[in-house]
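The two complexes that follow have chain A in common; it is paired with chain B in the first and with chain C in the second.
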Partner chain A sequence: MSAPQLRIRRRIPRTPYLLLIPAVAILLIGLGYPIVWQVITSLQEYGLQQQFGKPAPFVGLQNYIDLASTSQLWIVVGRSILFCLVTAVATLAVGTLLALLMNAVTKGPRIVLQIALLLAWSMPVVAAMTVWIWLFDRRRGAINFLLDMIPGVDMNRFDWLESPATFFVVASVIVIWMSVPFVAFSTYAGLTQISDEVMEAAQLDGANGWQRFWGIILPMIRPVIGIVLLLQVIWDLRVFTQITMLQDAGSKSSEFDLLGTYIYKLGTKSQDFGMASSVSILVLAITIALSWFYIRSLLKEDES
Partner chain B sequence: MTLALKLKGSRQRSRDASAGGALRRRSKKGLLGLLAIVIALLWVFPVYWMVNSALLPNVVLQSFVPTFLPLGGSIDNFVGALSDGSFYSALGMSTAITLSVVVLCILFAFVAAVAISRFRFRGRKAFIIAVLIVQMLPAEGLFIAQYKLVSSVGLLDSVIGPTVIYTASVVPFTIWMLRGFVAGVPADLEEAAMVDGLSRFGAFMRITFPLLAPGLVASGVYAFLQAWNEFTVALVLLPSEANQTLPLWLRGFVQASATRETDWGQVMAASTLVAVPVIVFFLIVQGRLTSGLVSGAVKG
Partner chain C sequence: MKRKFGVVAVASATAAALLLAGCSSSEPAAEAGGTDITLWLNGGDTPDALRDYLKTEFADATGGTLTIEEQSWTDALAKLTTALPDAENTPDVVEIGNTWSPTFTNAGAFTDLTDMYDDLGGENLLASFVEAGEVDGANYALPYYFGSRYMFYRKDMWEKAGLEVPTTLAEFNESAAALTTDDQSGFYIGGEDWRNGVSWIFANGGDLAAKDGDEWKSTLSDPKTIEGLEQLQALYESSSKAPVTESDSTPWVNINDNESTGEPEAATIIAPGWAHWSIGDLAEDPDDPTATVATWNDDTFGVFTLPGVDGGVAPVFAGGSNIAISAASKNQDASKELMTIIFSPEYQQLLGENGLGPANLEYASSLGDDQFATALTESAEGSKLTPAAPGWAAVEGSGLLEEFFGKVNGGGDVADLAAEYDGKIDELING
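Here is the complex of A and B:
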C-alpha cells in the first residue's frame, strides 16, 4: 500500500463504512431478517391457527424432534442427497471429458462444440424445462420416437414421468445437460494453463495418454475440479424449478419430492411454517457446511 | 511440474515418433473432431428443437412422426402465444423488476467494491466472508421466510418484493466481481491525477470509472440474467396471475395449454420469446462469468 493512501485512510476513516451501508442494508432486509425469522419460527409451533393471528408458542426443539422422527423427511433428505451426488458426479465426468475433447481437437470442431455448449448454457431454466418436457412427451416426444426406432426397443408411449425412478433419471439428464457447459469451460480453462512443454516432455518419454492424464493433467486441474464439483453439489441441492415443472407435467405426489418441493409443500399446502422453517434451516446448514471449502479458496484469491 | 519430472525419470525412453505414428495421430485427431461435432449437435438439439417446433404449423406437430428438418416458416405459434393477453403484463412486470434490480445492484455493489478494494478497515474480512457465505444461500432454504416478510408488510404481488430479494441475493456476487475490477485499476493512477489538481472524486470519475466500465456492464448483465430467469422466489411472492413475471407466465402457459391437448407449437414459441433476450445477453458476458466463479482455482 502506498503512503498517500495510508494518509487518506487515516484522515477519513468513516468512508469505507459509509460505502458499505447500502449493500449491508439490502442484505439485512432481504436475507438477514428472513434467516433470523426462520430460526425463531423453527423453534415455534407455527401452523394454520398462527396464520390467522393466534400467537405462536415456543416449543424448543420440538419441530426438529418431530422432523427427525418422521420417516418422510429422511426419505426426502436421502433422495435429495443421492440425486445431488449422482447428478454432480456425472456432470463433472461428462464436463471433464468434453474439456479434454476440446483440448484435443483442432480449432474448427472446438469452436463448434463451444458454441453448442454456450447455447445450452444460456437457456433460461423455465424455457429449457418446457423443451425437455416436450422432448420426453409420452406420445409425440422426439426421444420416445428415436428410441423406438432401435430394433427390439418398444418405447411407444412410454411415460417417463410415471414412476419415480424414470422421473429422476429425466430430471438428472436435464440438470446434467444444463450444468455440463459450466464444468467443461472451467475445466478447459484449467487445461489451457498446462504448459505444452510439460506435455511434450512426457510424450517423448513414452508416457501414454492414460498415464499423461493421471500423472500430469489430473493433478494440475485438481483445484478447478474440486471447486466445480463443490459448486455442482451445492447447485444440485436446489433444483426446485426443475422438479416443480416436471411435477406439473407428471404427478405432484410426494414420491417425486426433493427438499425444495418438500419445503414448498410444507409451507403452502400444510401451512406449517414451523416445520417448513426447520427443514429450511437444515438445507441452509448443509449448504454452508459444503460452501466453506469454496469460500476458503476464494478468500485465498483476495489475499493474493 | 514435479510429477512430470518424476515421470520423465522413471519411464523408459522408447517409441520415438515415426512417420507412421504421425499419420495415425492425425487421423485420430480427425476422428476426435468428428466426435466433437456429433456431441455439439447432440447438446444444441434441445435449443434447435425449441425454435424448430415454434416455427412448425400445428398440423405438422400433431403428427406422431416428429419433423426433424427443415425449419418451418410459420409464425402462427408466435402470434398465438403473443395473443395471450397476460404475456404483456408479464413482460412489463419482468422488465420493471429486472431494471430495478440491475440499477440497484450496480450502485450498491460498486460502492461496496470500492470500500473493500480501496480501503483496509476493521471488519473488512468479516464483511467479505459474510458476503461469500450469503451468496451461497439457496432460495429453497429461505423462501418461506421471505414470503412471510413480504406479506407482513403488504407487498405481495408488488414489484418491490422480488426487487428487494433479488438485489439481496445478486449483490454479493456482483460485489465480488467488481472488487476484482476496482483492484485492477492502480490507485497510483488516481493519485497522479490528484497531484495534477483533480479532486479525489474528480480523479475517480475521470480516471477509474471509465476503466471500470466493462466490469459494470458484466455485473449489470449478470444481475439481468438472475432477475429475468428467477422462478422460485417469484412463485411465492407474486401469487396472483395478473402480476406474474415471464417465467411464471411461461409455466402457467404450459399448464393452461395442458388442460386441453398441449399446444406444443405455442409453448415452444413462448419459450423462444422468453429465451432469446437471455441468450443474447448471456453470450456477451459468459467469459467473465466463468472466470469470476473459478478464477482463484484456475490461477492458483
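Here is the complex of A and C:
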C-alpha cells in the first residue's frame, strides 16, 4: 500500500512545463537570436565591408567606450527619456480623464466615445501620420489656419517642425493621440470593477468628487494604472515611426533625433552596425532600468 | 459539443489564413524558358515610356519577365545596404545614386563588368560617372543618366524689376536680393539643401573633401570653401523665405502661381532639368479634376545656368545615377542581357528624348536643341561630383551635410561650424 502513495507524492506535474515550451521557444527564437546577434555585433567593428562579407574583427568594448565619450549620445538619451516620461504621463492623464468620462455619461454618448477611440486606435500609423503632417503643414495646415483666426495671434506660415521645441510638442501630441485609446479602455475596464456600494457609502459619508477619486478610485485601480504606465514608458522610449516621418517632413538634423532615429541613422544610414548595436543594447538597459521599479512593485502586489 | 465546434472553427480559420497568406506572397510563375529578374529604379526619374520599353525588350530578348520596383530616393540607401548582400532578396540590377557608387563599389556589392565595358559604350560613357564606379581599373557601376541642375526664373518678375539674366555669380546674388519682398523669395533655396547650395562652394573653387595621400579629409574649413559658404549664407538670408530645415524638395511649386494668392512664392529656383514638365501656367487636369497640369509659357518663364564667379558657368552638383549588377544576384547572365538593352542606341536615344542626359555621350544630341537641352548640356559640362571617398555614402546617410548647411544658413559662425563638421565628417569619410 505504501509504494503507490509514495509514487503519487513524487510525481512532478509535467503538463505546465510542456505547455510553456512553445511560448519559451518563440521567445528564444524571436527575441533571443537578435539579442545574441546584437551583443556580438556590438563587440565588433562592423561596417558596410562586413555587410558584404568581410570578416568582422572583435574590438572588445571599444564601441561602448567610443559611445560613452560622445556627448551627442548623452544628449539624445536625456532627450528621449524626457520625451518618453512627459508623453507617457500626459497620455495616462488624458486616458484616465476619458475613462472617468465614459464611466459618468449614459450609454449613448459612451458608445460614441468608444467608437471614436477605437477608430483612433485602429488607424494605421503611416496613414495617421500623413494626416497629422497635413494638419501641421506650414502653408495650408488646418492648425495654423484655425490658430490664425484667433484675434491677435499670428500663426500664418508658422513652421512647427523648424525648431526642436515645437517639433517635439507636435510629436508628443501625435503619440499621445495614438496611445490614449489603449489607456482609456484599460482604465475604464478597471473602473467598472469598483463596486457601487463602496462609492455610495463614501458619498453618504460626505466625500466629494475629488476625495472619492483620490481616496477610493485611484487606489483601487492602481494595478491597472501601474501596468499601463509601464507599457507607455516602454513604447514611448522606442518611438520611431512618428519621429522619422516628422523628420521626413521637416529636418533630419541630429537635434531632432530620439534614440530610435539615432540608432537608425548610425546603423542603416551611416553603415556603422557595430556602434548602432551597442546603442541598442544601451536602450535595452535603459528600458529595464526604467521599468525595474514598476515590475518589482507589481510582483510584490501579486504575492500579497 | 458547442465549444468543440468553436475550437475547430477557430483552428481551421487560422489555418486557412496562414495558407492564404502563403499563397498571396508567392511569386508569379516564371514563363517557360526565361529568367525573371528585378530592376530597382530610384524615384520617378525614369518615365513610364522607358520602363515599358525595357520590359518589352527584355521579354523579347530572353523570354523572361523584368519586374521594375521603384524605391524612393530617401529610403534607397538603407534598402540597398540591407538587400544587396542577401542572395535571396537582392534585386538583380540596381540604379544607384552616383555619389553612393564609390562606397558600394569598394565594398564589393557589384559584379565586375570590365569585359562588357567596350561593348556598352566604352570611351563614350560619361567619364566622371565611370570613375565613380571603378576600383583598381575594373568597372563595376556604369553611368545610367545625368541631369545637372540649372536655374528656372520668372521672366515677368525679373523684367518688371528691370533685371537682366546675370552673367556673374555676384550679379545673381544681388538680383535675387533685389527681387525679394516680404512675401516672395528672390531665390528659393532650403536651408539644408546642400546638393544645390554646394554650387556656391564649387564656384569659388572650394570642395567638400580632398584626398591627402591615402586618406580623405573633409575640407569645409578650406578658405575657398568658407568663401562660398559665406556667400550662400548671405544669399539665403537676403533672398530665401524657405524654412531653414528644408532640404532637397520640390521647388517648382514655388515658381508657379500659388493657387490661393495667384502670385508665385519665388522669382527664381534651382532644379533638375526635368522639373520643366511641372513648371508653367496651371490649368485643371482634364483627366483628374483634383489635379492641375502645367503648360510651359515662354513669356512668363525662362531658364539660365548659374553663372560663375568671373562669368561663364558655375560648376553645379552633377546629378544622376549609375547602374550596376548585384554581385549576389543569381541571374548574372540575364542581368547582363538587361545591361545590353540599357546601353543600346535605342534606349540611349530614348533617355535623351525624355530629358535625361544619356550615359553614352554619342547620343547627347537626342536631348534636342531647345532651351532646356542647352541649359542641361551647359551646366553638365562644368558639373562636379561629390568626393569619391569610400565612406561618402555614410557621410550622406548620416545627414551631417544637411545639418551643417542648415546651421550655416541659420546664421551660425561659418568658420566654427566648418571646423566642427570637418571633425565629424572625417570620422566617416574613409569608410
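One rule holds in what follows: the second predicted complex is superposed on the first by the 249 of 304 C-alpha atoms of A that agree within 3 Å, B and C clash if a C-alpha of one lies under 4 Å from a C-alpha of the other, contacts with A are read in each partner's own complex, and residues count from 1 in each chain.
One rule holds in what follows: a contact is a pair of C-beta atoms (placed from the backbone, for glycine too) under 8 Å apart; a residue touches a chain by one contact, two chains touch by 3 or more.
A quick note: this is a predicted structure, and the numbers were derived from the prediction, not measured.
S.K.: Just checking: does A:D248 make contact with chain B only, chain C only, both, or neither of them? Give me first, second, both or neither.
M.R.: After superposition on chain A, A:D248 lies in contact with both partners, chain B and chain C.
S.K.: So, A:Q271: does it touch chain B (first), chain C (second), both, or neither?
M.R.: A:Q271: touches chain C, not chain B.
S.K.: So in the superposed three-chain picture, is A:R110 touching just chain B, just chain C, both, or none of them (first/second/both/neither)?
M.R.: The first partner, chain B, only.
S.K.: Regarding the shared-chain residue A:L82, is it in contact with chain B (first), chain C (second), both, or neither?
M.R.: neither
S.K.: Under the stated touch criterion, which partner chain does A:L61 make contact with: chain B (first), chain C (second), both, or neither?
M.R.: After superposing on A, A:L61 lies clear of both chain B and chain C.
S.K.: Between chain B (first) and chain C (second), which, if any, makes contact with A:V169: first, second, both or neither?
M.R.: neither
S.K.: Quick one: chain B or chain C, who's touching more of chain A?
M.R.: Answer, by number of touched residues of chain A: B.
S.K.: Looking at chain A, which of its residues have contacts with both chain B and chain C?
M.R.: Chain A residues touching both partners: 248, 264, 268.
S.K.: Using the touch rule from the top, collect the residues of chain B that touch chain A in their complex.
M.R.: Listed in rising order, the residues of chain B that touch chain A are 1, 3-4, 7-8, 11-16, 29, 32-37, 39-41, 43-44, 46-47, 49-50, 53, 61-66, 68, 104, 107-109, 111-112, 114-116, 118-121, 123-124, 127-134, 136-149, 164-165, 167-169, 171-172, 175-176, 179, 187-188, 191, 200, 228-229, 231-232, 235-236, 247, 250-251, 254-255, 258, 262, 264, 267-268, 270-272, 274-275, 278-279, 282-283, 286, 290-291, 293-300.
S.K.: Could you please specify the touching residues of chain C with respect to chain A in the complex?
M.R.: Per the stated touch rule, the residues are 74, 77-78, 81-82, 84-85, 103-104, 106-109, 192, 243-247, 327, 393-395, 397-399, 402-403, 406, 428, 431.
S.K.: Chain C touches which residues of chain A in the complex?
M.R.: 47-49, 51-54, 138, 159, 161-162, 248, 250-255, 264-266, 268-272
S.K.: In the complex of these two chains, what residues of chain A are touching chain B?
M.R.: So the residues of chain A touching chain B come out as 1-2, 4-5, 8-9, 13, 15-17, 19-20, 22-24, 26-27, 29-31, 33-35, 37-38, 41, 98, 101-102, 104-106, 108-110, 112-113, 115-128, 130-135, 137, 139-142, 145, 177, 180-182, 185-186, 189-190, 193, 198, 201-202, 204-207, 211, 215-216, 219, 223-224, 226-228, 231, 234, 237-238, 240-241, 244-245, 248-249, 259-260, 263-264, 267-268, 273, 276-277, 280-281, 283-284, 287-288, 291, 294-295, 297-302, 304.
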